[in-house]
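In what follows, a structure is listed as structure tokens, so that the remarks can point back to it.
Chain naming follows the written order as A, B, C and D, and within any one chain the residues start at number 1.
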Amino acid sequence: MKKIYLDNNATTSVRAEVLETMLPFFSSEFGNPSSLHWAGRAVSSHIEKARQQVAGLINCSPAEIVFTSCGSEGNNFAIKGTVEALKEKGNHIITTAVEHPAVLTTCRALEKQGVQVTYLAVDEDGLLDLEELEQAITERTILIAVMWGNNETGVLFPIEEIGRIARRHKVRFLSDAVQAVGKVPVDVQQAGVDLLTISGHKIEAPKGVGALYVRKGNPLTPLIHGGHQERNRRGGTHNVPGIVGLGRACELAGGELDDFQKRVAVLRDRLQQGLMAAVPDVKLNGHPQYRLPGTLNISFAYIEGEGLLLHLDMQGIAASSGSACTSGSFGMSHVLEAMGVDPMLGQSSVRFSLGRDTSEADIDYVLQVLPPIVQKLRDMSPFYQNTSGAAL
Amino acid sequence: MKKIYLDNNATTSVRAEVLETMLPFFSSEFGNPSSLHWAGRAVSSHIEKARQQVAGLINCSPAEIVFTSCGSEGNNFAIKGTVEALKEKGNHIITTAVEHPAVLTTCRALEKQGVQVTYLAVDEDGLLDLEELEQAITERTILIAVMWGNNETGVLFPIEEIGRIARRHKVRFLSDAVQAVGKVPVDVQQAGVDLLTISGHKIEAPKGVGALYVRKGNPLTPLIHGGHQERNRRGGTHNVPGIVGLGRACELAGGELDDFQKRVAVLRDRLQQGLMAAVPDVKLNGHPQYRLPGTLNISFAYIEGEGLLLHLDMQGIAASSGSACTSGSFGMSHVLEAMGVDPMLGQSSVRFSLGRDTSEADIDYVLQVLPPIVQKLRDMSPFYQNTSGAAL
Amino acid sequence: MYSDKVMDHFSNPRNVGEMEVPDAIGEFGSSHCGDTIKVFLKIEDDIIKDIRFKTFGCAAAIASSSMMTEMVRGKTLQEALDLTNEAVAQALDGLPPEKMHCSCLAADGLHKAINDYLQEKK
Amino acid sequence: MYSDKVMDHFSNPRNVGEMEVPDAIGEFGSSHCGDTIKVFLKIEDDIIKDIRFKTFGCAAAIASSSMMTEMVRGKTLQEALDLTNEAVAQALDGLPPEKMHCSCLAADGLHKAINDYLQEKK
């Protein structure tokens, strides 16, 4: 069966060049980079090379990169580490209602410990009111956390403007850029962010490695205390193959960024337009312009997302849904809920996320397979009247 | 040049069978195990298989295993997660002066937040006074953290007895078993531990993966908040290749444990006896019997460890030293310091840690190469008199 | 995640549709997740002669609906009222724990239709 | 980690040893890490005619000692007193930052020997 993977926001396959770069570091170059002997020396320079490669992609200095095990660790480290390091200064965090669970769950856990958190609302396109953001800042605000690009809808936030606001009020600014780095230009100087989260497996590096950018002069209390690794910022023996892979992936992504963005956006738009032309009563979720190039979140009225996903899966198409009948609250994703999407439409949403390997043929296959599935499920739906269309 | 790796306590090379098991999960089976489509389903069962393999090695149920990114994360998670989860109950931790920095630095950071920590002393063999341990327990004690085997000296602690004390006083018991699992029998039921730390790269699994055993009924506050992974205990996309590799390594280690222990102990004893016969004025650090089978920590009086290590390195022999001229306190390791080792002897210590691949020829090479190096350095030392020997 | 039976009933649901002149209609929406079923019955001599359904919901909800219709067609109203959600789930070789509530829909929708019918007849 | 020069002087240290009848001896121990040097001088007309050392310490300490002896042999006492630890480190093409203190040993031991010698002569 044809296998078409359109869930690249969930994870990506490790790129051949990246795996090739990693392979020697499992068995032949296996040393601990903290060791001074031949086995350690053989690898430590590769860690520093990877640090430069990551730094190069986001325009920071290598010393500002701390290697982590994933995007979730990066977000936890940035937020909890700031709360602990700045506890004399204040205890208020401003974030958005549409962050990834790694940010939201962390904030909720901190609330139980007395930290105050403002969750900014978004409008129906998924965008923030920047005045509201600025007004939320108080004397006690220690951190603003706004993601670069949303994982479910692809919505891109005005990071530069938020960076200016944060600067103006001298508040630290964290951006979870797990979905943005390697897909759109990310320049920490231009953006004025102080902390920025990266995860390897979203950009064809392996699972189990990530990085946190920590601007010089913004000390964090470690999340993982231990040895002297990462200049005392993150204990634990370095994941050498993972780090080397992340470096290579960043280098490759940087070199192809322009091309990638354009190519993927064209394919995404082809998918979007094709679906909208072939299927009535669909709704795009997320701002049509301010969006990651490869993400399409779309609702098919009258049916539930899971059924659609399962049928797509049976035809070899892997996509995903923020909705899950298990998550309560009418099974709608917290992101769509925050955007005020009608609960029924929220449940009918599907996310297609394209990758570097996605081809025109893949898109055309989806365009051929999907409409009859929707029709079949609609024919089964008590809410669907063949004549309808006014519901939207 | 001959390359002889005798630093297996620092890290190990990934075993061929383990790497082979991991390889498909980078590129062909790359799905996110949380995804419901074909790409996710293809890998999720392998995560559960690995969980069983790890659980099998330490005799617990798979649901009690939480995958982490390293031993340091495991220790931080176990300690900070207990402090947070049991803060209503108390705020006192009992540990030892010879734990790994991942435990000690965590405890020191917690002290700054008001947690009380007792660091138990050890005797000159590196062993604890269990009465002192029991007497240190108060109403407010929430955790006892004693490592299974010491990374520098190999000293093995009486975990079962400590487990009985912990049970008697209904205090949680964490054992950092990073150096013990896969090298000596570790049975969490028999030992009566509630939390146990494992790291992959010490047992021929890759760097970047570890596991924490969490006995049922001992909830921990997550260290890494995020999605629903690991039953809400550890957020972050699973490191699939790493986890699969850890599972396989545990399975292999379990099957070979008896053989490994015996073989490595014989080689270690050959090294120890050979060195003691060939070089006067040496001192064994750590209890001669209660010791990991592959660890030898030995001091060569009158000379500094670094010089010896560098000369060994030039001859292809990788070993290590707890001492480092950078770490202050006369460059002595905190472990030897806690054992009351004379500062001068402490600085002259070298750790040899053997692995599955260590051969008799390797040991004989060390026995041939090392004595003249020691002599050369001693001839350079202001403390050495050719006639001496009484100093010890 | 789902059993083969669930996947079979989800992919090829039996008795989907409406009826022009049903003897009974029941509509039931789960307050838990918004899933909704509409059940149409043809009843003769207290026996379910024909049954149709429409369901909005996840695969478990659709499969439960389909399985339910197979289980009660030809049965008496009392037998149908005795059908439990657990029985439907069991007939599907079980459902994932977090999906158990989705099987409620099917029996509940059926019972609603029958109870309304019996009410009206009184 | 170490420069080639450090590794050279560490592996083949120059002027290691003691003297039967030195004109001056200086012993200096770093309070920072316990490293210790012992310097032996043969002095004629305020000129260092010969020099030997023994050092307990890391590679940086040994290399600094060796380099120091090479730098002052044949020099006047005043020139030797002017030798700084930085100059020794520089002659070794630098030391890792955390090892800089190890070079202190060499010049300090030398100065101690010379100062004691001058003191005695007074």
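By definition in this document, a contact is a pair of C-beta atoms (placed from the backbone, for glycine too) under 8 Å apart; a residue touches a chain by one contact, two chains touch by 3 or more.
If you're wondering where the values come from, they're calculated on a predicted model, not measured in any experiment.
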(request) With chain centres taken as the means of their Cα atoms, state the distance from chain B to chain C in Å. (result) 58
(message) Distance between chain B and chain D based on Cα centroids, please, to the nearest Å.
(response) 40
(request) Please compute the C-alpha centroid of chain A, do the same for chain B, then give the distance between them in whole Å. (result) 35
(message) Roughly how far is chain C from chain D, centre to centre by C-alpha average, rounded to an integer in Å?
(response) 93
(request) Name the residues of chain C that each touch 2 or more other chains. (result) none
(message) Using the touch definition from the top, which residues of chain B touch two or more other chains?
(response) 36, 306, 310
(request) Report the topology of the inter-chain touch graph, choosing from line, ring, star, complete and other. (result) line
(request) Go ahead and list every pair of chains that touch. (result) A-B, A-C, B-D
(message) Quick check: in the complex, which residue numbers of chain C touch chain A?
(response) 7, 10-11, 13, 16, 27, 32-38, 54-62, 98-99, 102
(message) Quick check on the complex: what are the chain A residues that touch chain B?
(response) 3, 5, 7, 10-14, 16, 19, 26-28, 30-32, 34-40, 69-73, 75-76, 84, 100-102, 105-106, 108-109, 199, 201, 206-209, 221-227, 235-242, 306, 309-310, 312-313, 316-320
(message) Applying the document's contact rule, which stretches of chain A touch chain C when the two form their complex?
(response) 302-304, 306-307, 310-311, 314, 325-326, 328, 330-331, 343-344, 347, 379-383
